[in-house]
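Got some structures for you, see below.
You will see subunit A twice below: alongside subunit B first, and alongside subunit C after that.
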Partner chain A sequence: MKEEPIKSFRDIPGEEVLCSGTPACAGCGGLLTLRHCLKALGDRVVIVNAASCFTLLAIYPLNPFKNSWLYTAMASAPAGAQGVRDALDVLIEKGKLDSEEDLKVVVLTGDGSAYDMGLSSTSGALYRNLDFYYICYDNEAYGNTGFQESGATPLGSKTATTPPGERHPIGSELPKKDLFEIWKSHRPPYLATISPAYPIDLINKFKRAGQYRGPKLFISLVPCPPGWGTDPSRSVDLAKLAVETGVWALKEAVRGEVGHTVVPKRFKPVEEYLRGQGRFAHLFRPVRQEETLREIQERVDEYWRLHKLLL
Partner chain B sequence: MLSLRFHGRGGQGAKVASRILGTAAFLEGFYVQDFPLYGAERRGAPITAFAHISEDPIMERGVISDPDMVVVMDETLLQDTRAKPLSGLRKNGVILINTSRTPEEVTADHGVEAQVVTLDMTKMSLTMLGEPILSTPAGAAAARIVGIGEESLKEAVENVLAGILSEGEELDENVKLALSVFLAVTPLDITTVEALPEASPVIIVPFEPAHISSPTINALGNSPLRKTGNWRVFRPVWNREVCTKCMACLARCPDGCISLDEEGFPCVDYENCKGCLICVRVCPAEGIERVREAQVL
Partner chain C sequence: MTREMLTGNAAAAWGVRLAEVDYVPVYPITPQTEIIETLAEWISDGMMDARLVTMDSEHSMITAAGAASATGARAFTATSSQGLLYGFEMIYTVAGWRVPLVMVNVSRGLSSPLTLEPDHNDVLAIRDSGFLQIHCETCQEVLDSIILAYRLAEDERVLLPVMVNMDGFYLSFTREPVEIPNPEEVREFLPPYRPKHAFFMASQPMAQGVAVLGGSAYSYFKYQMHLASLKALEVYGEICAEFEREFRRGYGPVEGYMLEDAEYALVMVGSFSTLGKKAVKRARDRGIRAGLLKLRLLRPFPEADLRRALEGKRAVAVLDQNISVGKGGILYSEVASCLCNSKKRPVLLSFIGGLGGKNISPHEFEFLFEKMIEAFEQGTLNGPHLLYTEQEWEEMSLLKRTAEKEGAA
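Right, the complex of A and B next:
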């Protein structure tokens, strides 16, 4: 079923499917992402939540969801989703559940699960062509436990396990894994990157994804005020800067065919995004680490040149 | 032995405040313990930290349930039924509260038998650091009240914050702030009497199979009952004269606290708005102002 795309903030569904009063930090970019994802999906969903910050959204006796929610261990959310999907299918097949009452199965994970611990069970679910949605809110480290390095941590980031010091002045020395390409190699029908600062793009991607049976995957780059060392009020600005500087490419792949959905007319220098984030402060002070700053910019340029969107 | 308990909100610096106090007391030659209570804390959630200061080796371990002094870094915690910052405070103990109100006003409100000291730490931090981070003023005020000297306090602030701050400048400003707090407060005689503890029923949790012991929440969307509105330091206030009803604030609120009223103007649920102030930043008409909560009360 194809749905008409929305065009403005006015078209965003008004009903709040995710309620307020969560224990998530003020200015949480992940929460803003989830709020819009649930507006797009509605309340007829089962969320299968891998251990992460969002495990804490539903703490007995309070719960922000109007939909069902199941908590799994860090590595096994896609396996949990398989179980829920199978149970729903069996009930429908046996006539114990009206097919009208079917629910969408949605995996919700942080980057620690998506990029590292849960990668094998995700790969398994993709291989089996499980009919589910998968939302990764990526704050580029293990945020819930105090911001330790994950496979999603970018080059040059300070984390609790990559503190910049004499021997390792740049912080994290490894570049971010390309999860989009890892997923794409499994040939799922739909995958996309999203951003909490681009809710119209986000909602339209869910609308397009809804046409397909099989895995539908989303990665959102989400500002994390305590981890990134930024003021909570800057979360939307930073998510936007990540797109405007080309650090975070908003794109989708429909049956393997990649298309970019938001391409800045002129890319801002990556420094505008890095500067002012506590986790990159050591790249600027006390001395500018020119080589690393150049390498970060070059990696971004290289990506866009590869896709022929930067000359 | 003096036992102190700090109550703050995640991000305000309760843990670092107890570390500053502990370090300063250690430098004065006392035996010291300082430690936070770890849990699933996030920014804004109630946080507890502790310090023991003694002339003799400290044999006690664990959380402090009957402190001689409590430091309340966020006035709104006094009403929080889960934080209960004053619980177990010994008779004639000290309550240090971060507030713009006077000790008499606070005493009248809460009717406690204790010595109440008030200090507007948030204002001092906003003026001197530009941020409402309270680790230095809370640690410094507590250190002054228990009678620790200026040099030890200064050295403690430098030692503790050097490992946290990357900027030399911020460190100097924190030392200045600590010294102005030192001058603003006076030491007190803390000779406490063990109060009769409120009946604290000990709950023994039996081992139960998973379907009983792992709680199931059957209510839908009841989280607004957790009033996260008391996390705010500043509140957003809309100016209807300049609002163009563009809905940017509504689309950007992570907590979904903004809705439209009958006339199509945005209105906010102050009971649950956490005060992230994204709306203030994204408003293209600059029609949202940030107002210090203390001025609204």
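Right, the complex of A and C next:
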């Protein structure tokens, strides 16, 4: 069923499915993402979670959700979704469960699971065309364990396992994996990147995704104040800057066909995004890491050139 | 009721079919694969109303099976050795979810060295997880145990998953006559699963598998599991009595063979117990009052039954088909712990045999009884004894010479 897109902030559903009172850090971009996603999805949802910061949203006996929740393990949330989805289908088919009781099955993981340990179980779920949603909130490191390097960590980022030092002055020496392309190669019916700073874009993507059966996947680049070394009050601005500088491309792929949903008219220099973050401070002080800064900018430009959106 | 020649694997598949399972996530591994292939065929032919999904690993498979169970479906899955270890994290997780999942493990020695043949290090690795463990000696026992396992797991006083174990090759690929009960009779014994505690539905949001903060909440839930597992002993007794009335086959938590008047008792599990029983018979022929105790339930551990059966014996030998490297037999320690405070404690001996499917010859059993008598009469105690025959030593020497490329014949 296709739904009409919303046009303004006033159209964002007012009702909260994720209520206040969580142990997440102030300014957590992941939590803001999740809040919007659940507004779009509603409360007839079971979230299947992998080990991450958000595992601690549900601590016995409390949780902030109006929906259901199952914590699995770090590597296998999509397999958990498979079990829940299949069980709901079978129980409904056999008349053991009223179809009114059906739920949307939503995997919620950080980048550590999505980019690294959970790739096998995600690939399996995509291959089997499992009817589920996947929300990956990408803070670009293993956040819960103290911000260590993950496959999502970008070039030049300081993390707890890539501390800039004399021999390794730039922090992480590896560029970020392209999870969007990895997932896209499975040709899921719907795949998109989202941002907590663009809730209208986010909600409309969920509306479009809702018309498809099969995997509907979302990756959100989320500011993480303690890991990124930023002030909580700046999270939305930073998420916005990531888009305006072209670091985070807002796009969707319908059955592999890619379209960009937000394209800045004029790209801001990437330095504007990097400069205010503690995790990149060593790229500017005590000496500018010119080569790395150039490479980061170059990679961003290359992406947009490839998509013919930068001449 | 029909009677057929079935392998242990086929008997397992029949147990699952008769339990009218809803959901079967699978992953292949020798020697278990025949179970899931048989189920796949039946499901494809419409002879079984269930959904089967081939997963990407055992870790995913056990997650999916547990999650389906947590959603309210009757789920089944099976694995073996490396597969069980690959999914190990989820074994503990699923047990903590308190869902009535039933699994079959077809025992196989663990790598490395890599092998296909059985011992019990795989299934004993999950000993402390919360899964209940039923160990089978015959194909009939495999079929019946799966039906019993669902009754036990789904009982509200228990709500723990169950692992039904059989030995690879010796049981999984051995044909024996098996009685296949009628579906109606089984349905009466095991009605459809109607979960009251763990399910997902839109009208009743529920959080499962949640984290706890601090040791007191963690300990509370762990103790709950332990107490439920102990309770399962009593429930198992009730269920088995009912099963016996219905199907005329009884399965205690332990089984005695010529044990009542025995002075020297052997403790074993699984299909190798059949060899042990033969050895007991031969020992009796030689005038030794021998007997055997087979452990069917390993979790919960039937301490009282075991104590009752073994107290007052002259000597007890635990023949472990596993090895805790650096300690010895795992079950020896368990048996010893429940006899050590007994005033009628027998002399206890430890033997390791049957690792990686190694045969246990009549000669080795003779040695074992000799050692028991010696220990009782002369008080000589040493061990654990690592069983190995001279012929095996010769064969191994030949292999080593070949490996060294030295004068291989």
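The rule is simple: the second predicted complex is superposed on the first by the 311 of 311 C-alpha atoms of A that agree within 3 Å, B and C clash if a C-alpha of one lies under 4 Å from a C-alpha of the other, contacts with A are read in each partner's own complex, and residues count from 1 in each chain.
FYI, a contact is a pair of C-beta atoms (placed from the backbone, for glycine too) under 8 Å apart; a residue touches a chain by one contact, two chains touch by 3 or more.
Only a predicted model underlies this, so the values are computations on that prediction, with no experimental measurement involved.
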{"item": "Fit or clash - subunit C, subunit B, common subunit A", "value": "clash"}
{"item": "Touching partner for A:Gly124 - first (subunit B), second (subunit C), both, neither", "value": "second"}
{"item": "Partner chain in contact with A:Lys66 - subunit B first, subunit C second, else both or neither", "value": "both"}
{"item": "Touching partner for A:Asp89 - first (subunit B), second (subunit C), both, neither", "value": "second"}
{"item": "First, second, both or neither for A:Tyr212, with subunit B first and subunit C second", "value": "neither"}
{"item": "Partner chain(s) touched by A:Leu56 [first = subunit B, second = subunit C, both, neither]", "value": "both"}
{"item": "Which superposed partner A:Arg285 touches (first subunit B, second subunit C, both, neither)", "value": "first"}
{"item": "First (subunit B), second (subunit C), both or neither touched by A:Ala79", "value": "second"}
{"item": "Partner chain(s) touched by A:Glu100 [first = subunit B, second = subunit C, both, neither]", "value": "second"}
{"item": "First, second, both or neither for A:Trp304, with subunit B first and subunit C second", "value": "neither"}
{"item": "Overlapping segment of subunit C (options 224-232, 260-268, 314-322 or 386-394) - the one that collides with subunit B in the superposed model", "value": "224-232"}
{"item": "Footprint overlap on subunit A, where subunit B in one structure and subunit C in the other make contact", "value": "56, 58-60, 63, 65-66"}
{"item": "Residue numbers on subunit C that touch subunit A, as the complex places them", "value": "22-23, 25, 49-51, 53, 55-57, 59-61, 63-73, 75, 89-90, 93, 192, 200-203, 205-213, 217"}
{"item": "Footprint of subunit C on subunit A - complex, ascending", "value": "43-44, 46, 48, 55-56, 58-60, 63, 65-73, 75-76, 78-84, 86-91, 94, 96-98, 100-103, 120-121, 123-124, 127-128"}
{"item": "Touch list for subunit B against partner subunit A, complex", "value": "10-11, 40, 42-45, 166-167, 215, 217, 219-228, 231, 246-248, 250-257, 259-260, 269, 272-278, 280-282"}
{"item": "Residues of subunit A that touch subunit B when the two form their complex", "value": "9-10, 12, 14, 16, 18-29, 31-32, 35, 53, 56-66, 196, 199, 225-226, 232-237, 278, 281-282, 285"}
